[in-house]
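Before anything else, here's the structure in question.
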């Protein structure tokens, strides 16, 4: 296998090791509050992984991941609230709706790049949030929608989220290891050159948008059933900002960076919150520093350390 | 280390731990959870006042020996006025801090999210300032309600409108459950009492900054009254712009507030002239007759903050007193037992004597009957005590006393 | 007459939008990046004005230029530390310069909001009015003294800026760099200095609009979200980089929102601009006034 595949495989195994460690945490920690923190970290990890596919690997810096999570959450939530649809049907429906809307958005922004793409996806996200928030007759607006839970035991949620995360990560690995992975990265590095080499840019960009939206929609639906309350809060630009922080700090464009970034940022933000609300200051500073000087993020730093050890 | 020595050490450690545990248990405080807004976007001003109210009661109770021989300890969580954070805050209080009851809720949308958690864990929840009928109509046995409820407020306001003999009323309400719920309830009440009155309500975005387009149409066609169903800060912007455009209050159009805006400590700093001549529906006026307990709490509040007390302080005090009384009566802190006791309690608080109503619907587990007043502000920067009391318990609406501006 | 009121109200709001947005237009014209921290420059101005006038006791009229200076400082710093690598080549992002600017300005925005929130506190503060007349009649319309003064200052600043860009030598340099960066540097223009000047100006103007509106729209850490979104819409609508275009677009947006709020829907007032933004970007990316030709 070539160098790119080798790198991706290494990252994948490391990410599995990380997730295995997460799987073992409940043996040491039984406090439902901290388990809840880890579950929300997994929600963010799903969003981060999905956004990384679109932005890190395909170079499309969409500002809408939180919006798709909100769409997924409201799909399953509204189905449950108005039509009493069971979550086991609601969640797949959420994935489907998010994917379709993601695909449409991807088509719409096909020719846009950089700040234009960012602005369009930002407007889209804000419009969706305002529409959902203002349709209070239907969605209960800012009040939030009450959504049924899935299990009684928090531990069940824990392992469900983890299983989904592992599945999505594995799927991403298979995708990036294949030819598709090369196509996407080619589009990121130089779209015009990729097209001239025969890469079907339209198809792959749309695919990236669709998959990313589907992952976010899934995350949102799961989160909705976990917190049993769905509100337009989910789609705030601030949440997208958090996801971007997580990916950049962890290491954008790597398979493991977003995962580690999500857990690190969210858990320490909960811990720092006790100290007094400086978590976002620290994280945004870190993002600026990493973006400015060290694009590979924490995973890049870790790799350097590892290489020095083994070299 | 020799065998004997290590056993000795283990014994010492065990003894220390055991005695520490015993000592802790003896003065083991009773933990009560307070979920309030301590940072935006919610109303931090309200949260601070609730905190002051419960702190005063906590100090009073602990000074006289606590409850069941134990001091009470208040555990605070910041819900930021966001329902999702309120849910998380209540979960934290119940699962991590193991509180015996939760209170402090002062924003309806947050309350609605929090009572779900209280129901799930079967912990008593005492609503401090959520007026929405929905909090009560859900019929959760864990939820007890200290403040007045929206449909009762609506009835009261509708009566005032009828007594003033108005024909056309326009209401501005905020796009929250409180705002829309209240505006709709007033519509219902008016339909029943006086179907001929033309009443319309307009929903405004709480996050908005400029409401002039909504106000301009009223310049051309002024109504008899503009009714405010909004909370700060957008409420202040609306009032200022109503004044700027010369829509209300004028000789033609009354300005009537149904949300207790004048109670907020930052009211005058933000509205200045726009507040003069405003009519207020209120739940507290210094000229009301109140029990001695209210005087004590009011005094303590004046000493603590150098501000005059308002209804929020008394509601918060009553919420905590209610829980304390329940613990005393039930002689235990077991939450399930507390809920049973609370459901049948008669309670004397800072606002008078109350029983817990039982009818399903908007009065479910509501403290009844909460007194209310109507007063008019007659000068800029006027203290509540100096305002003109128009209507109160035992005092029917004195329309003759009302003042109107020159134009 | 209602429609006259709405029109004039819309134009006044539009003028404020123009003051907010014109700096962003300049940045885009010269650097081809969207500064996602633009709203925070506004916020810095609002706070500087409020604090200088109230806490430092300088009074509102002296606080205005202070706010202007504070915005200039922040703008200059942002360019110097974060944006310069874009054209001097020190960033590790290589070809992904657009993405770099998105991430870095977004993070800057988060940083500024939370820094202010932590240092100053999250409560909104009402800036003092320049003129203490709560209402006055001006022909058919009623407005507050503050609105009148703010409108006059805004109009003066925009006119001044237009003259500056058109007739001063720095203004000509800026326009040259906006047209063709490489060509301009070949002609001996210091493109780095031009970029620095533009960022500084943008920060200063945004801060000034924050200060002028502080008595109407209270200063709070997240107050920047509102002018930011409006500015994005205007930059796109007016044709990225065209200053007259953005002024016209601002006025149009103000009037559209004013009428739309009454005749279409009050709730969705904020979505009008966003929908327009999307439509323009998709169908007429050069905006209403920009030039065609915006390749990858």
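We call the chains A, B and C, going by the order they appear; numbering starts again at 1 in every chain.
As a convention for this text, a contact is a pair of C-beta atoms (placed from the backbone, for glycine too) under 8 Å apart; a residue touches a chain by one contact, two chains touch by 3 or more.
Computed from a predicted structure; not experimentally measured.
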- request: Specify the contact topology among the chains shown, as one of line, ring, star, complete or other.
  value: complete
Query: For the chain pairs A-B and B-C, which is connected through the larger number of C-beta pairs in contact?
result: B-C
Statement: chain A and chain C have mean C-alpha positions lying a whole-number Å distance apart equal to 31
Whole-Å gap separating chain A and chain B, where each centre is the average of the chain's CA atoms: 39
- line: Residues of chain B that touch at least two other chains are 39, 175, 205
Shared interface positions of chain A, touching two or more other chains: 134, 277
Query: For chain C, what residues touch not just one other chain but two or more?
result: 267, 270
Residues on chain C engaged by chain B in the complex (per definition of touch): 1-2, 5-6, 9, 13, 122-124, 126, 134-135, 142-144, 147, 216-218, 220-222, 226, 257-259, 261-262, 266-267, 269-270
Message: Taking the touch rule as given, give the residues of chain A at its contact with chain C in the complex, in rising order.
response: 55, 59, 61, 63, 108-109, 112-116, 118-120, 122-124, 126-127, 130-131, 134, 188-192, 237-238, 241, 244-245, 248, 276-278, 280-281, 283-285, 287-288, 291-296
Chain B-facing residues of chain A, complex: 31-33, 36, 134, 136, 140-144, 146, 227-229, 231, 233-234, 277
- request: Please name which positions on chain C make contact with chain A in the complex.
  value: 28, 32-34, 36, 81-82, 85, 91-93, 95-104, 106-111, 113-115, 117-118, 225, 229, 232-233, 236, 267-268, 270-271, 274-275, 277-278, 281-282, 285, 296
Task: Provide the residue numbers of chain B that touch chain A in the complex, in ascending order.
output: 39, 82-84, 87-88, 91-92, 95-96, 109, 112-113, 116, 175-177, 180, 205
